[in-house]
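The following blocks contain the structures, represented as C-alpha cells.
Both complexes below contain chain A, partnered by chain B and then by chain C.
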Partner chain A sequence: MRAAGLAEEPAPALPGQWKAGRRLGTLRRRRGCSKASWRAGVLEVVMAQAYAPVEAALGPVEHFLSLADILTLNGRGRNWLLRAGPNWRGAASCVVPGQRQAGPRLCPEGLSGPTGNCTACIEAESPTDTGSELEIPLWLAKGLYDKRRVLSVELPKIYKESWRTVFNADANVVDLHKLGPYYYGFGSQLLNFDSPENMELAQSILQTFIGRFRHIMDSSQNTFNEDTSALVTRLDELERALFQTGQKGLHDFQCWEMGQAAQITVSSLIQNYKKRKFTDMDS
Partner chain B sequence: MFCEKATELVRELCRASDGQLPAFNEDGIRQVLEEMKALYEQNQIDVNEAKSGHSELITTIKFRHCSLLRNRRCIVAYLYDRLLRLRALRWEYGSVLPNAVRFHMSADEVLWFNQYKKSLATYMRSLGGGDGLDLTQDIKPPKNLYIEVRCLKDYGEFEIDDGTTILLKKNSQHFLPRWKCEQLIRQGVLEHILS
Partner chain C sequence: MEAAEVEFLAEREMVTIIPNFSLDRIYLIGGELGPFNPGLPVEVPLWLAVNLKQRQKCRLVPPEWMDVEKLEQIRDQERKEDTFTPMPNPFYMELTKLLLNYAADNIPKADEIRTLVKDMWDTRIAKLRVSADSFVRQQEAHATLDNLTLMEINTTGAFLTQALDHMYKLRTNLQLGESVQSQDF
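Showing the complex of A and B:
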C-alpha cells in the first residue's frame, strides 16, 4: 500500500475569488461543520448530470416535449376565466343531455355521469348561453381560440391591472408559487390571445422578473450548506430552477477550491436509488 | 375533464425530478388511449353530420380534436422523457442495470435500452483508430493513473489487469488503477480518497 501522493490543487490566484472563498470557508468553520458533513452536503446538491429534462421554452411558443410546458398549459387556476363569444352556441347546443346517448358527451367539466348536472353543462344548456363564463384550461382555450371568435378570453386575476400594480410596487413580497406556480410561463402564453392589455402584461412580467432576480441570485450564491427551503417556498418554478443552477455553480466552485474537483464521486442518481431502497424495505 | 389522466402521467414524472425512473404506468396509458378512441369515434359521427349541414357542430368537433391532440402530446412527452432517463441510467450505471430499475421498464423500453447499448458500444469501438475508447471513463480529467480507494462494502474478489486478484473487503484500502475502479466508485462500492 503506497501513499497516493496526490498534490492538493493550488489555491486560486485571483484575489476576488480568493476573498469569496475565504468568506465561505470561515462560514463553514463558524458553523462548526466537519469536513465530512460539509462534503455530504455538497454531494446532495450536485444533481444527476446525465439526465437533463427537456427545458421549458419561455415565450408565446412552447416546447412540444417539455413536461414543464405541458403542466403550464394545464393551468386554469381559480382565476382563469373565459367568456364564451357569440359563436359559442354551436358548442353549447350539442351538450343538451339526451341527444347523444352513447359515448362521452361534450361538457366542459368532462366525462360527467348520465345526469350531466355539472354547473357548466346547465349554463350551456340554457338558450341564453352566449356570454356564459367557463373556466377551462389554457391548452383548450388556445385550441379553441381562432378567427371565428368562439370565445373571448379574460385575463386571470393575477395578470390584471390590480395585481400588476402590486407587482410594480414590490415584486419581492409576492408569493409567486402560491399564485403560479408557473407565473412566467403562463403569463407569456397568455400573449397568444390578442388582448388589448398585451403590452402592459408583457412589460409587467418582465419587470417582475427583473425586480426579483437580484434577490434570487444573491440568496443562491450565498447560502452554502444550509437549509434553503425557506428561500425557495415563494419562488415560481422557473425561479426555482434558476436558484438550483446558482447553487450548483457555488458548490462546484467550492469543490474545486477545496481540491476535490478531481475526486470521483458516487453518482447521485445511484445514491438516490439506494436511499429509496431503504424506504421500500421499511414500509 | 378530458385529458386529466394524461396530465397525471406527466405530473408523475415531474414528481421524480431527479432523474429516477418511476414504474411504467401501463394502466394510465391504456386509459388515455381508450379516452382517445372514444373521442375519435364520437368525432367521426359528428363530422359526418356536420358535412350534411349541421355546421353548429364544428365547435364541438374542434373541442374534441383539441383534447385528442393534448392527449397525444402528453403521451409522447411521457415516453420521450422516460427515454431520456433511461439513457442517463446507461451512463451512470454502466451496461447492466440493477433489478430495481429493470422492473420499472416496459418491454419496449427494454428493447430500446438494449439497442441503445448496442449502438453506443459500436460507436465506442469505432473510436481511437480502431482500438476503441470507453467514453464513460474519465469523466473528470485524471491526475494520476493510480488512485487510492476505500471499500464501503464487501464486494468480493476483483481482478486487475496484471492478473492479480484482490479481495475487496469492507474498510480495506487499496491502490488501484484508476480506470479499473472508476465504475465501482460511481456505483458506491468504493470511495475515492484524496490524500
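Showing the complex of A and C:
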C-alpha cells in the first residue's frame, strides 16, 4: 500500500518520484537476503496465485483432470470390498473376452496373465469365480458396474449403517483422515452404485460435514502463528483445504493489522536456499 | 481479495485535515480537492491525508465518531443485539488503524479508541461465527448481512463460501441419491 510503504522510506519530495525497483532493492538489502532467495520468494508468491489446480468435484461425477479425484477413485488400502456379480461365468451377456477362460489370476478386466499386473489381480489369488470377493479400486468398479453389471458392490464399512450411527452421534470425534482421507469425495462417488441405502448415505455425509463445520471454523480462525498439525490430523483432505482457507484469511488480516502487509517478505519455504544460485533453479 | 486491497478501497474515504501550507485547488481524476489554506479545515481522501501527515504538512481532524463515548455506546449496542448493528463508518477498522498508526498525536485518547475498536471487531467476528454456524446447521441457502463491513466479510468470506460450496454439492448428492446417471466410458 502506498501510505504504509511511505513509512519505510524517508519521505520523498513528490509521491510520483520513487521507483518501485529501487524500493524493492533497498528492502531486500535491509532484510539481508541474497538476490537469489529474494527473487525466488517473489516468484513463489506469484506462482501460488497463478497456479489453479483442478479441484475435486465432490459429486457422483468426478472431474476428469482433478488429481484429488484420481486419488479418491483409486481408493486406499482395504477400504474396498466388492463382489463379483452373478453373471460372471456362463452368461452370454458377458462381453469381456477372457473372463470365461479359467486360469490363474484371471481378472475381471480381461487382462489375464500369470504376472497379474492389474490392480485387481493382486488381491485375487485364484481364478475369480461367481461370487468371489475382490478388493478393487473405485474407478474399476465404476467401469464394470456401469452397463454390464458384472459386479455387485458392497459399501465399505465406514459408509455402512453401523458407522453412520457413529457419525450421527458426534461427527467431531471421528478421525476422518484415518478413515478417509477422502471421506466426502469417496462417499459421493459411492452413490453411483444404486445402493438401496443411497439416500441415507448422502444424508449421512452431509450431516457429517455440517456437524464438523463449527470445529473447523473455530480452530482455523483462532490459531495464529501456532502449530496447527495437531488440529488437522483428524481432518479429511477436503476439510484440510477448508482449514487452510480459513487460516489464510486470518493470517492475512493479522498481518495487515500488524503492518506487515505492506512489506514483501521471503517465503518461509525458501529461506534456507541462500546458498543456491538462481541460475541453478532454472535448469 | 487481501486485507491490503480492502485498505486500498478504504483510502478513498474522505477525512478532514488542517493543512499548514497553501495550494490552489487541484484537479484530480477522482474529483477536485482544495484549495488548501493554512489553518483552514479541508476534506481530502485518506491516502492524501496520510501522505501529507507523513510529510508534516497537515494536522488530522479525527472523524466525529472516533470518540470514546460514542464508541462505547456502539460497542454496548453491538453486544446487546443479536444481529449486526450499523457501524459509524463502512471502513471503521481501516480508518482506525491508519489514523492511529500515522496520526496518533492528533487523536485524543488514542489507546482507548484502539481498544474499543478492537473490542467491537472481536464482538462482531464472534457473532459472525455463531451466525455462520447456525446458518450451516439449518442448511439455509441465503442470508442478509446488512451491516457487515467489507473487512469483516473479507476475513471469513473465502472460508465461508468454500464451506457452503461443499455443502451445496453434498446436498445436490442427496437429490441425486435416488438415481444417479454415471459417466459413460
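The rule is simple: the second predicted complex is superposed on the first by the 175 of 283 C-alpha atoms of A that agree within 3 Å, B and C clash if a C-alpha of one lies under 4 Å from a C-alpha of the other, contacts with A are read in each partner's own complex, and residues count from 1 in each chain.
By our rule, contacts are C-beta pairs under 8 Å (C-beta built on N, C-alpha and C of every residue); 3 or more make two chains touch, one makes a residue touch a chain.
This structure is a prediction, so every number in the text was calculated from the model and none was measured.
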item	value
Partner chain(s) touched by A:Leu201 [first = chain B, second = chain C, both, neither]	second
Which superposed partner A:Gly143 touches (first chain B, second chain C, both, neither)	both
Which of chain B and chain C A:Ala230 touches, first, second, both or neither	neither
First (chain B), second (chain C), both or neither touched by A:Leu65	first
Which superposed partner A:Val166 touches (first chain B, second chain C, both, neither)	neither
First, second, both or neither for A:Leu191, with chain B first and chain C second	second
First, second, both or neither for A:Pro53, with chain B first and chain C second	first
Touching partner for A:Gly246 - first (chain B), second (chain C), both, neither	second
Which of chain B and chain C A:Gly259 touches, first, second, both or neither	both
Footprint overlap on chain A, comparing chain B with chain C	1-4, 6-7, 143, 259, 261-262
Parts of chain A lying in touch with chain B, wherever the complex brings them together	1-8, 47-48, 50-54, 64-68, 70-71, 74, 87-91, 93-94, 100, 103-104, 106, 108-111, 137, 139-140, 143-144, 150, 259-274, 276-277
For the chain A and chain C complex, residues of the former touching the latter	1-4, 6-7, 11, 15, 57-62, 142-143, 145-146, 184, 188, 191-192, 194, 198-199, 201-203, 205-206, 209-210, 213-214, 216-218, 220-221, 238, 241-242, 245-246, 248-250, 252-253, 255-257, 259, 261-262
Residues of chain B defined as touching chain A within the complex	1-4, 7, 10-11, 13-14, 17-20, 35, 38-39, 41-42, 46, 55-60, 62-67, 69-70, 73-74, 76-77, 80-81, 84-85, 87-89, 91-93, 98, 100-101, 140-144, 146-148, 173-175, 182, 185-188, 191-195
Of chain C, residues touching chain A in the complex	2-4, 7-8, 11, 46-47, 50-51, 54-55, 97-98, 101-102, 125, 129, 132-133, 136-137, 139, 151, 154-159, 162-163, 166-167, 169-174, 176-180, 182-185
